[in-house]
Every structure is written in C-alpha cells, then in structure tokens.
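Two complexes are shown next, each including chain A; its partner changes from chain B in the first to chain C in the second.
And then the complex of A and B:
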C-alpha cells in the first residue's frame, strides 16, 4: 500500500502533515493549494509535486491528473470546498477512494446521501472529550 | 410561489425586484451585515443575514416551504453545496446554481444540480449578435440547448422570393413564425418570404451558424464580392 497516487487539496496543517507522511512512505503525492507560501509547511522528506491553484476549478484538478489518482484527500479550510471537490473527484474523475474533512457535523446527513466519506474533526474531538470527561479518575 | 435567493450584488437586487413585481414571495440570504441592511431597506423581501450553506439559516429562511432556490454567490463551491442542501435536506424541487467558472456548469449538472454560466450566456450572445447585424434578438432556452433567434430578411437573403416548402434549411432547424408588418404569420408551405420579413428561427447551438448562413446568405456585406 505504499505506491499509490494520492492527490491532496489544501496545504494547511493537516494537508501538509498528511502529504509529508504519505510521501515519506513511498506514495506519489500531488498537493494543491491556492497560496504558494503554504508549501513552506512541506518537509524536505516530501518528494511529490506542488500545484498552485484553486481546486474548485476543474482545469486545476485536470493538471493534477486526478483521473489517475487512487485517493483524493480534501483538507481545504472551507467545508463547502472540500464537499465540492470530493464529489467532483468521485463523480467526474471516477476516483474510487475519496475522503473529505468537514468541520460542521450538520452536513453529515447530506454527505451520506451523496456517498462521500467524511472525517469530522469536531465530532471526533467531541467524542474524545466526552470519553475523557466520563472516565473515572 | 416562494423563492429563496442566496448571494448579493446588483444581480441579486434586480432579480429580487423582478420576482417581487411578479408577486412571488422572496427571501434573501446574504452574509454581509451591511448589505443585508441595505437590501432590507430597498426591497420588500425578507432578508436573513447568514451563511446559506448553514442548515439552520436555510431552515430560518423557510426552506421547507420554498418552491425554488437560486444560489448566485461568487463562490462555486458555496453555490453547489447550498443547492444540494436545499434539494436533499429540504426537498426544494427547483434549485439553480450560478457557475462562476463556466467549466463548472457541466460539472454541476453531472452532480445533479441545474447550473448556468453568465460567461457562457453573455459570450454566446455577443458572438452571435455581433456576427450578423440582421439578427435583432436571440435568447437561449432549454438550458442553452436551443436558440431562438429573430432575423430580418434583406436583399442578400437567398430565402427572399421563395416559398417555404422550397426552402431547405440544415437539419434540426425551423422557421417558427414570420412577422410581416408587425403581423405574426405561423407559416405553412405555401407562404412566401419577402424582404423585411422578420423570421423567428429555432436552432441548436451546433447548427446555429450554418442555419444563419443559409438564411442571411454568405456574403459579407462589409466587403461585398
């Protein structure tokens, strides 16, 4: 599982971290961000490609050769951006594995209908806080 | 009819005015506090300040009882998600998204959301209108899949003096109406065509140019011969 072609949208804290890790263990990684200065978060171990552009434009996704990707990971700052890119990757480019970060747990229901795999940091953190709070000390 | 408009700017303002004058109930969702205040003053619409892709804001706007929603923010991702929430969560049957990037019009359709692109509409209007001065009116219908064009016949037109049954236009096109001296005539085969007749043409974008050439004649009037 270490020679996959992975496209990551958003080079923020999460996107850059995933890009560094996935690149280090031998995957081909392409990372897209609107702001070139964000690529400074990539470590020297990152050996993939960087694309400066807006991933809600289909030509930017085409230049990342999204059609050949095994996985798309959407970690842009805005939920709507991630939700749109995830759908485009799945339904227009036919990427089989698509994972989007979505902060607002209220969107989950609609995303299930749209058949998009979502990671919701808000819900995940809430779970952990509740578990910790309920733990007998 | 109750319609929700999400976005801002002049387009939204004039759409709102237009719909209100037709007696529709309009609800506006806009993120900017100042613009909301202006809209509330200038229009009769109910104005809600907030993010249109927030389920609670849509709920507050009465999405459950709305007949249509139009998302025209400057951000394509927002327009798409707003429309999907409106359709999937609130069951609004008519939702339309503005595709700021013309490529996204197709993408949105593939994702099940009706879309339109200003760039596509305006550029096709300009191209088609600027190319021939005899064309007095053109508008796309059926999501741009059909064009309706008014053309005034002049002396250069190969159609002038012919009976309709002898006119051969390219496939998938039709002369729907002839307007002569402001009187519309729904044409039959035996009608003839005269100079200064205004004809209403139905064409498809792919044969539009060909049909126009057949109707107006191929001679460029600025450089005759």
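And then the complex of A and C:
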C-alpha cells in the first residue's frame, strides 16, 4: 500500500520507525513532534514533512492538513494525548482511519466505541508472554 | 507528444524526493536544483514547461529567481512552494507572475493534480470556448496567466450567455480585487451571493476582503471544480 497521505503524531521510537517505513513505501508522510531534536530519529531517506508543534493544538493539526489525511496515527507518550488527538481527527477532521497507541488496556474499549483502531502494546505483550510461558510449561 | 519538462527548485531533500515520486509516474521529465543559482544555470541550457519554486532558498532569494524566470523565460509557468507560516509571500509571488502556489506539507496526489491542471490549462483557448462553462474555464486560465484583459472579455461573454449564474460575477470581483479596487470587487462578490447564497467562493472572497487581514488566496471556484478541470 502506498500513495496515501498519513499524519503521524509523535516522533519517538515508534513514530519515527513508522514514518521511515511508510515514507519508504511511497506514502506522503507528515510527522508532528513538540521537540525538534526528535526528528533526528528519521532516516535520511525519509521524504515526508516534519512539523514542530503541539498536536493537541488544532492549528498544528490544520497546518498538517489533517482534513486531507487518509490515516492518522497517534504515538505520543501519554495515552490521554493520543486519545484526544484520535478523537479530534475522527470527529473534527473526519479522518477515515485513525489508529492510536494506548498503554492502558482499559482505554482500549473507549476508543473502540468511537470507531478508533487501538494498538495496546501492554495487552499485546501480555499475550505474547502468556504464549511463551505456556509453551515452556 | 513531447514529454513535459519540470524543474523543481528546493534546498530540502525531502521535498525534491516527494516531487520526484509524484511526477515521475506522470511521465514528466524532471530536473531538480538545490538553489536559485543552479536553477538559473540549468534553465539557460534547457527550456521548462513548469517550475516548482521554494521561496526560501539559500543564496538568491526565491522571489528574485521568480523575477528572473518571468523576464527571461516568460512561457515557463511557476508554482510557488510555501510553508504554512509564509503564505503571504506566496500571495506576493502571485503578483510577480507565479501561476499558483502549494502549501507544505502536501501529498503526492495534490502535486500530481496541480501539475496536470497547470499543464492542461494551456490546451484551452478562445476559439473553442463559447458556452458558459468553457468561457468560465477560459477566464480562470487567463487570470492565472495574468492576462487580465482577455480574462475580462471571457467573463463578459460568460455573463452575456448566462446572466443568472454566480461564477462569472465572482470572477469579475476577483479581477477587480487584483486591480486593487476592493469596494467594486465586494459589490460583485455580493451579486454572486445574491444569485446563489450557497456559492462558497464568493462568500469566502467577501469574508476575506471585508476582514482586517486581506491576505490570502482569491477563490476562483469550488476546489472540487478546479480539480475536475
């Protein structure tokens, strides 16, 4: 899949990794982070755009042309930040596909009700631990 | 048919890469330059149909590059690449003859649509425009070419063909606004709205010209319509 317009919030380990991969496949990627130094994690081949700013501010999302995005991916450190941005993307900007990372599995349910896809590393890791533990016994 | 040639002038590698990705599949000949000096040197050796120009360049300023392109290669069309915070420079550049501008960040789809639409605008001329839609299209193209006399004529013909549609009055307003006659421009934007209160381009132009900050893009038609062209 390429040729999509994708906005990623957070240029940490996960955000930058996704940005590099999605950009390499030929998608138009816009990555937003409050701290400019985090853009150093992007690879030299990254052909997308960087926006330094707070993605909880609506004007920052507007400057990323979120209304035109095919996908929004929220990978900020705070669950609440990701949940808020994901809801704004869905309800205000009408983005069809919104994917948010939340660490607390309790948050997963709320977002699913709002038609927001959720990736919960805690729940995913727990499953893998359980599988591994059961395999050894 | 000859391949259209496009020159991309930008110091940022990611923009040049995006442009290459976007335009290569349209079968355009693409050349890139990292600054104005290099671009002008390249242009001396080869003619281009279209130039994408970033205004913020190291060395010669983009505005200076634009002026040199306009005076030395008047048939080359220039699209300005601008950041969110510097849209007013792009508006200024339009006054110096840039045909359009695109705001960063942009998608590959936007670039393709803009490049195709600008290249296609050349194909329409006075001889094949007689009905209302083609006269309106012609007028818009003439405005983009900065040929305001011909644009005026096309708009007048369009009004004669159909005096009850809002588009032509909105374009008349745009022409007056370009001339700097704000009050007369507003009058025509209002006429367009009287005919069709839901006609958004006129509403946007009226709202902009009556606000304190008048800078911004003049709306010539619905965005969708422009993409359809």
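A few points about this structure:
Criterion: the second predicted complex is superposed on the first by the 135 of 137 C-alpha atoms of A that agree within 3 Å, B and C clash if a C-alpha of one lies under 4 Å from a C-alpha of the other, contacts with A are read in each partner's own complex, and residues count from 1 in each chain.
FYI, a residue touches a chain if its C-beta (ideal position, glycine included) is under 8 Å from a C-beta of that chain, and two chains touch if they have at least 3 such contacts.
None of the values given here were measured: they were computed from a predicted structure.
Following the overlay on chain A, a side-by-side fit with no clash is recorded for the pair chain B and chain C. Of the two partner chains placed by the overlay, only chain B lies in contact with A:113; chain C stays clear of it. If you count the residues of chain A touched by chain B and by chain C, you find the higher number for B.
Judged by the touch definition given at the top, the superposed model places A:57 against chain B, while chain C stays out of reach.
For the combined model, the angle formed at the CA centre of chain A by lines to the CA centres of chain B and chain C equals 80 degrees after rounding to the nearest 10. After superposing the two complexes on their shared chain, the closest approach between C-alpha atoms of chain B and chain C is 16 Å.
When both complexes are aligned on chain A by C-alpha atoms, no chain A residue touches chain B in the first and chain C in the second.
Contact residues on chain C toward chain A in their complex (touch as defined above): 13-14, 17-18, 21, 84, 103-110. Across the complex, chain A meets chain C through its residues 3, 5, 26, 28, 30, 44-49, 51, 63-65, 68.
Residue ranges of chain A in contact with chain B, taken from their complex: 56-59, 78-81, 83-85, 87-88, 91-92, 104, 106-107, 109-110, 113-114. The touching residues of chain B, when paired with chain A in their complex, are 53-56, 75-78, 80-81, 84-85, 88-89, 101, 103-104, 107, 110-111.
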